[in-house]
Each structure stands twice: as C-alpha cells, then as structure tokens.
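Quick heads-up: structures coming right below.
Look at the two complexes coming up: chain A is in both, with chain B in one and chain C in the other.
Up next is the complex of A and B:
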C-alpha cells in the first residue's frame, strides 16, 4: 500500500526501476550484524534511534503499562492492587459494559456499513471526469476537514427543540415524530451516528475514487466490447479489481469505529442513561470521572482485542508489500 | 435526446445531494449572524430576520476563542514539524541503510500507531503528571509527535525506498556524507509525500479532542477544538454564539484544505491503492 500508492500523488517519485536493484544500497554488503554496525555511520543510527525512542516513551511503554493496569484495582492514589482477571470477570455482570459493547457493535455495523455503501456509491457516481463533478466531490468532501466537535455542534443546532429538523417534520405533517432527539434514549445513538456518517462518507468516497482511478481502463473497454451492461461491468470488473482498496477501507472503518469517541462525547457524553455509550466513552468516564483506573484499563484492553485482528491484517498486508 | 435527459437528470440529482450535504454548514453560518432576540422570537428553525456580528465578538472575546486558536497553533505547528522531521530521518535510515532489525523496527513503529489510544490514556496522563508536564502544551505536542510518528515513518519509508539508488551513489562519490545526502538529495525528492502528510497531520492534530482533554485541564490552555465544547456550557442556549464559535473553529482546517487541496486528497488516498 505504500510505494505504489504514493505514485498517485501529484508528482511521483522518479523511477520505480530501482526496486529490482534496491538491494545494492550502501552498507549492504556486511553479513554479520556486528560488521554491519561498523559500516553504518552513527548519524544514521541516531536518525533511526531517536524517533524510535520517542515512540517508545510515548507509546510502547504506556501501552505495556496499560496492559498491566488492566490486571489491577487502582484508584490513582494508593498503589495498584493486582487482581488478575478480576476486572474482566466484573465486566460480564456490568450492565453498562454490556450496553456499551452492544452499542459499539451497532456502531460498527451502521456507521461502518453505511459509510462503505454510501462512500462506494458516491465514488461510482462521481468517478467519471465530467463537468461539475469536481464541485460535487468537493461538496461531499468538505465535512471531512472539520473536527468531530465542529460536526457535533453543527448537528446539535439541528436537533434543538425548535431547530430545522423539527420545523421540517412539522412542515410536512410529521409533527408527531418530533422528540428531543439527543435526550431520548431510543434515538440518541442513531442521532449521533447520522452526523458521524455525514463526515465519514466523503472520506470513504475519496479512498474509493483513488482505487477506481487505478483500475485499468482497458478492462472496461474489453467488457464493453463483450457486451457487458453498466451493472455487469461494475459487478464483474470494478468490484473484483477493488479488492485491495476494500481491505484497506475495512481496516480503516473498523479501527475508526472502535476509536470513535469525539462525536459521542461532544453530543451526548454517552447518555442519556448510557443509551449512546460506546466502549471508548465508557472507558473514558470510568477512568477520569469515577477514577476506576484498573477497570478502565481493562475496557481499553477489550477495545484493543476487538481491533487486534484488523490491526494484524493491516500489518501483514503492509509488510507483504514491503518485501 | 435520451442522453441529454440522462445528463440533466444526473446533474439535478447530484446537485441536490451536494446541496443537502453542504446545507447543514450553510445553516449554521446563517444562524451565526442572527441576533439573540431573533432566535428567541422565531426559533432556530426559521429563516433569519436579523443580521449581526456581535455573536462573533462574543465568541472571539468573551469566550476567548482567540486564545484557544493561538493555543491550537502553538500545539499544531510544532507537532507537525517535529513529527514529520523525526519521521523523515527514521524513514531515511530505515529505507536507505541496512540497519539491523530494520523491518522489526518499522513494524513496531507502525503497530504503535494502530493501537487504540484508549490503552495509552491512563499511563500517559500519569506520566505527564509525574514529570511535571501535566496541563502544559508541551505534553500535548509530545503526545501528538509520539503517537503520529509510526504512521508517518511508514509512509515516508515506502516513498524513500523507491527513490533510485544512483542518485545517492552519485552524491556519495561526490563526497557527501549521510547527513548531507539526506538534507540535499533525499528530502527535496520527498517533498510531495511530506506535503500530503503535512496537510493531513495538520488537520488531525488541530481537530484532536481526546488527547487535549486528557493532558490539559485549565480552560486558558485548551486548544480550540476542546474549547468549543466548553462554549456550550458558557453560552447555554445562545445557539447563535455557539454557531459563531463553531464557524471560527472550522475556518483554519478549511483554509488548509483549500490551500493544499491536491496534497490533502492524495494524502488521504495513501493506503487506498494497494
């Protein structure tokens, strides 16, 4: 996903021919690690070591601590007390955790699924360069540049009791549907998913547009000559050709869904009555509002485990292409 | 004839979709110019009956969004420069030199970026407290640099690896050391990728909420994205002021997007094409 994709940048890297001969880099010839080290200048080692050390301090070490804390009870004041898998055991009988888990699953399916369908559909509609397409693409893409807090506030203005949503519903005679959208436990989660989708669809569209651009036009030409209809061309040429993009989009969507925090926190803080609680928001409020740091770490570990398969898939794919 | 129908139908439909997509933004902009009395009398759902700039003055001065914007820039600009700078040196070393365990190092660095941030929140808030950097912008910059490095290194590594080795050999024969080759040969050739990542990371860091509320507590140190949430508490039900504050907070990323549109989109597309 790295090298080839960058070639779609405005100016491309000169010469990919180097790839075949890329092994003859300076400093390659040494066989044993020891002699290799001698050949590489200290500056280069520092070039790699300093950033690695920074990430170690700010990511690797805290992550290890996080896993350890998940096995403890900790109020942040006294020393953490080791409880083994006690926190995970507690989760099973924690109704809020179960709600958060269920909502996270709903979020994955609705937010993830609909943004893929919407983004892919829009990319299909807007893939052909023709007049006006640039404007349509820009319109769909604009929300992507806003922060989720901005997005949340824009939509909160809508959902206000006398706001546009209610005015429109009353206007078309559906006034009986009007309700406090974000304060009603039945609608809060869905009222939060909608703005999240509004922002995500443009992003997924851009990913698919880049993918569609990379499909060899000769394939379409051949299919057309063979008499394939537009639908058949999409089904049997486009979709199989987009396999690589699909797996990237899938990983991005799953990782994004599990990380989703900002939009929920800005709109409902997980309420009312935890009806829009996700694992991420529950983790945050457990950690920083009720200071059950051990339990919160355990929730974070659950989020990690849910993302693990996707993370591993992403890494494997990334490194298969490295070699 | 049918073709023309089809074309106008297409533009009609797409025009409508685009308009609906932008409408929420336009609506908030309209509300931000309405006076409080107008909103109170006619409701948020009605068309405007007034025009005022006082909302922007309230958001800018009373809510001190000016300071929040400065904080945002004080965090975002150093964080973008530092993380891209460190990522570029790491990518250069890993892509162009045969460093021991280089694949493992690259793998670990990318993996760090894929971790859900939730697992890091508690240890990092503890760590910045212990080191005395809790509630400082330095802590926020460091977190962004540390967490972003892995991804930027990975992308830049892919880019640098594909630069032809002849260029580097020529520079070596001319007597240039590794540092010189990096500064005057490799880095200039990496500019498109740096621009794409720069535009992308600017919006990511500028738009961040989670890290800000984790390592910063005082209102006067908050960047604009989390400060916007505080605005809600400050101006309860003054939705015209909140709308103005939202517009102010959205402008910087919009400007970056419009100015670096091409880089921005290609940055997002990194990873889409396998």
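Up next is the complex of A and C:
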C-alpha cells in the first residue's frame, strides 16, 4: 500500500499547482454528508457494526480481560487469584521492571527522535524531482518491506564475532573497539536500536514525503518573493504546514516504540541479563517464560497507559492550538 | 536454511494454536471447562502426538518411530514444534479445551508440576508392564499423589566433550580433578586456543550446567535438589562457594561464547576453535556424523572427593493429557514406546547418543555411548538439569544470574541477592 504511494508521488505533483488558487473549496463536497445524516442505509450500519462486533471479540474483550488479569496472580493453569494492586506494588521494587522502563524511555527518545530527524531530513533531501531520485527513495524504503525478524537475522550476522562490523572496525584500525555487541550489556540496547532505526527512517521518510507534496507550492513562491532564505522557508513554511503529518508520525513513532518487541526478541531476547529489556519483552518473558500472567498483564496495562498518555497529551495540545 | 523454514512453519502452527485457544470464549481465565466445546476433535481414532524434538535427526527418528507404531496397527499423528515454542505453549496445550493427546517431555519436577494441577493422565497401568525399569526411573515418573504420570524412553548424559585429535596435538590428557582440569586449561590457552567453549547467546541456559555440576561436586546432589525446590537460599555461603570455585576457571572461557548459541559453540569445538565444551549429548544432533568419531568426553572434574559423585542424566519420555480423547489408545501407545524395541528404533535413527530407558534396550554400540552409560551407572546420585529439577519458571532467573556472573564476577554478592529475590517471586507465584 505504502509502496504505491511512492510511485504516485511524482505524478500528483504537477497537478497540484493548477489547483493552488482554490482556497475556497467547491461547494458540493461540503453539502453532501449533511443530507445523508437523516437516513442511514443499513449497509453503512452493517459496515460499522460487523467490524465492531468482530473487534469486540478479538480486541476489546481480551483487552478488558487483560485489565482484570492485571489485578490477579495467575499461572495459566489454575484459576486466577485476585490480589488487587499487588502486581503494581511489586513493580515499584522490581529492578528488572525499572531497567525495562528506563530502556523503553531511551528507546522512545533515540528510536523515536532519530527516526523523525532522519526521516524528515531524508524527505527534504529527496522531495525535489531529480533524475534517479526514485531509486534513492526506494532504497531507503526497502528495509520497511523486510520483516523485522529478517532484519534482525541479517544484523545479527553483522554483529557476530568476527562478523562484518568487527572486520570493518579492524580494517580501519579501530580493532580495540571490537566487543560482543549483542552480548555486552553496555552496547546491546544500542546495537538493537540501530537496525530498528534503519527500518523506521524509511517509513517516516515516506510519511513526510507525502506531507511535503501536500504543501501548497504557492506558499513557497510567496515566501521566496518576500526574500525568505531556504532555512526560513523550511522553518516558517514547511514545518508549520506539516502539523497534520506530525501528529500521524508521532502516533506511529510512539506506538512503534512501545510495541517494539520482535526485533529485540530476535536479537537479544532482552539479554544479556535483562540489560536490553524493554517493557514489551519483559512482559512477554514474564508471561510466557516465568508464567506469571497476572504480573505480565500489569506490565501490559502500564504500556497501554504510557502510550495513551503520550498520544493523548499530544492530541490535546494539537487540538487546543487549532481552536 | 531448511531448518529456518521449518521453524517458521512450526511457529505459525503454534500461533494458530494460540489463536484457536483464544477463540474459545472465556477460556483465557476459566480452566475448569473440559470437553464441553469440542470444536475440531479428530473422530478418526488417531492419536495426536505433540513433539518438541525439532532437531533434524531427532525429528527424523520420531517420524520413524511413529511409522513403526503404524505397522503395529496404531495410528499416531506427529506434530513437531520447535522446542522453544513447545516449552512456552505447553501450558496452553494442556489447558485448552481440546488438547493434543500425547507429548514429548522431561521427567522430574518439570513434569510433576503439571500433575499437581491435575492435567496429566494416570499411566500407572502402563507401568505394570515396565517392571524391569530401575527404581530411580519409577520414582522420577511418579507424581505427587503416587500415580505414575510419565513414561521414560531414554536418557542422556552431560560431560566435558573434546576432540581426541586436538587433545593429542596439544599434549594434554583428560583431567580427573579440578586442579588437573585447571592445568589442562592453562596448557590449551598457551597454544592460543580458548580452553572452555560455551554458547550463551540465545541459549543462556547452557550456563546452568556449570552451576549444576559445581554445586553437586561441592555441596552434593541433595543440597542441590533442595535449593532448586525452594528449600534453600541462593545467597547461602554454600552457594557462593560454587561461584568462588567457578571464578578460578573464568579466565579460560571463550569470550566469544557470550555471542552465539550452543550450536555454534559446537561448531567452534569441532573446528578446533575451543578446547572443550560442557554440554549434553544432544549437541550431536546438530553435528556432522563423521566429526563425532573424533569426539570424546571426560567426567566433570571431581572437586571434593568426600562428596558422593552425582551426574546429570536428564530423562526424556512422554506424558499424556488428562483430557485425551481415547485414554486406552494413549496407554497402548505409551506401553509400546516403553518397550526395548521401540526405544532401539529411536536410538538407531537419531544421532545415537541417547541411551534407552528400558534396561533391556541396546544403546548404540560406540565407545562414546558405552562410556557415557557406564558413567551414569556408576554415579551415586543422579540429577536431571536445572529446569528439570526445579521449573521452567525458575530457569530465567538462573540465566540472568549466571550470565551476569560470567560478565561481572566481582559483583557476586549482589548477583546472588538479586537471584534469591527473583527466585522467591517464582516460588511465591
């Protein structure tokens, strides 16, 4: 789906300028929904309620159960035992939970921040139509196509002892930096962030490219006429115009950071000794390795609240600015 | 490559299984409902056998075993699942409304924990025909309430494996005591080879073998079992003594071993990149057969001669779900796998480094296996392995503590304190 959007980007670009004068939207698009409100066709109702019913069974009900399980001790075999907020109380004194929380914060800042900066930078670099620009865009987007598990396998080969990373470092005379990248608690987390970024930057770039295409070229023309420099055009035209895309990117980044699991699990399993543990991997290992499903559910609730807090916080601010 | 594809397939199967379990409404929290909602019960009278023997040779041997059983008139459908997925999914299998009938699993407390939850089929009647099995096996297969819940089919041993040609080249002979062992390490290191191989990336549980062996050599098997059953403390000075001893050998460990799994550590040993490797005979499943001729092992060195010699001899076999659709057919199958001939079929078709549990069963007639069998038979005490003597839930606490110790041996007091705290949480749950 997203792959087609790259190809379609150049085509939509020339058409844009002809419409640029149309500030006031044509009337028909505004009138139509209002008249439809009165009689809602059963087809539309079906489209709403059938997915809702399916969601209710597959998503909402298990989610509610998760909240309930968070208040219990459950080994998956016998009946769950209600313990109130005991699990959350245990979390406070759990050093592994604290490491996981800290790592998730590092992950959010590094993975989130760098993929926004990198993706935005790449989008700026590659937004102009030049010969062969499609190749660069496609190249940056390719990692998104790979499954994260495949990405992890490839990077594990890079990182393995005497692998590509080690031989490159030795080749340039930095052999003393060589270490067991994924087995050293000081480097494991960062060694996993790198491939995650490698993939995410391409994705964010595409989102920003789409956003940049939607910016009215007349604004740039006006800014240029007013003598704005390239930096000023970026700062005062591009960035404010991308507000809509930013909220999408932020949601994507926060959700992707908090649910990052596959790449960490397939590269380090949260090890060595929990040093690259994220909340998500810790949740999985407490649930399915230590079979403490109640405690794991409590961690899941924390993850949910974190995601909600970050995203709601941003959305509320964004809405407030708009009104 | 083929292994990868197979792994993915089995993973997907496991995922499907998980999805199916989630479909049964309310099944996530209610475990009391049984056959009420039989959705896809196989009415063909075919037993479903869930196997975790996913290594190539072991898997092939299981297929041969099922085929042979088919010739006796029984019908069994084999479903091989990657070992790691099997382990995490086993509780889900057993508590689902429509579980597979028979499972490969390990003897000891790791099986008894399911018996305690009343999830396993009572197979005492199968044991009526297994009178020739030694008492140790009987004890190992008995659940809390005195019922037999497990049918052992084979066991293997752990040892310090090495290449005969390399030991000859380096001019060292297999050591018997700890002091001799350290001397051998020193010699091998002087030849520019890391003496002790290990594989902790992805398979950190391999480190538990060192803990187990040092503990049963220094403190003895009874202390070890009590500790693992939650009756001791990991911050006990006696446990610290284990690590003090271990520290003496730490400089000889292969630093690269932290990065790769035991399969690669096996390759390193076979390729002469490490000197020796404390591992169970299952490593042979992923080793080329011709390399095995050059492989030998020695018993883990004796540290305190006054401690009765114990060896790790993990026992594998089968247990069955209490909800098995046709318990009589299950028992018939289990009675058959307990026979010497069935176990010989498995031994012959696998890498041949396991020993039939049936005393009449013939193990592969190689010097290696003969030596292994003799070592286990001479042992005064037998232990299973860390997770088998405790639980799969305790294993991750050991993994964290032991890998951290290998990395930061100076923080031993803190590590043991953390380990005790983590273990208490597991025992409390």
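Just so it is clear, the second predicted complex is superposed on the first by the 259 of 323 C-alpha atoms of A that agree within 3 Å, B and C clash if a C-alpha of one lies under 4 Å from a C-alpha of the other, contacts with A are read in each partner's own complex, and residues count from 1 in each chain.
To be clear about the criterion, a contact is a pair of C-beta atoms (placed from the backbone, for glycine too) under 8 Å apart; a residue touches a chain by one contact, two chains touch by 3 or more.
Every value quoted in this text rests on a predicted model; they were computed, and no experiment measured them.
Set against each other, chain B and chain C touch different numbers of residues in chain A, with B touching more. Judged by the touch definition given at the top, the superposed model places A:62 against both chain B and chain C. In the superposed model, A:180 lies in contact with chain C only, and not with chain B.
In the superposed model, A:78 makes contact with chain C only, not with chain B. Once chain A of one complex is fitted onto chain A of the other, the partner contacts of A:109 are absent, as it touches neither chain B nor chain C.
By the touch criterion stated above, A:207 is placed in contact with chain B alone, chain C being left untouched. Residue contacts after overlaying the shared chain place A:160 against chain B and chain C alike. In the superposition on chain A, contact of A:283 is made with chain B only, not with chain C. Judged by the touch definition given at the top, the superposed model places A:239 against neither chain B nor chain C. Judged by the touch definition given at the top, the superposed model places A:292 against chain C, while chain B stays out of reach. Comparing the two complexes, residues 57, 61-62, 65, 69, 76, 160, 162, 288 of chain A contact chain B in one case and chain C in the other. Of all residues in chain B, only 11, 14-15, 17-19, 21-22, 24-25, 27-28, 31, 43-46, 86-87, 89-90, 92-94, 96-100, 102-103, 105-127, 142-143, 145-147, 149-150, 153-155, 157-159, 161-166, 168-169, 172, 177-179, 182, 189, 191-193, 196, 203, 206-210, 214, 225-226, 228-229, 232, 239, 242-243, 245-246, 249-250, 253-254, 256-257, 262-266, 268-274 touch chain A in the complex they form. Residues of chain A that touch chain C in their complex: 57, 61-62, 65, 68-69, 73-80, 90, 95-96, 159-162, 180-185, 269, 271-274, 285, 288-292, 295.
Those residues of chain C that touch chain A in the complex are listed here as 22, 25, 28-32, 88, 91-92, 94-95, 114, 117, 119, 200-202, 204, 255-256, 258-260, 392-393, 395-397, 399-401, 403-404, 407, 418, 422, 425-426, 429.
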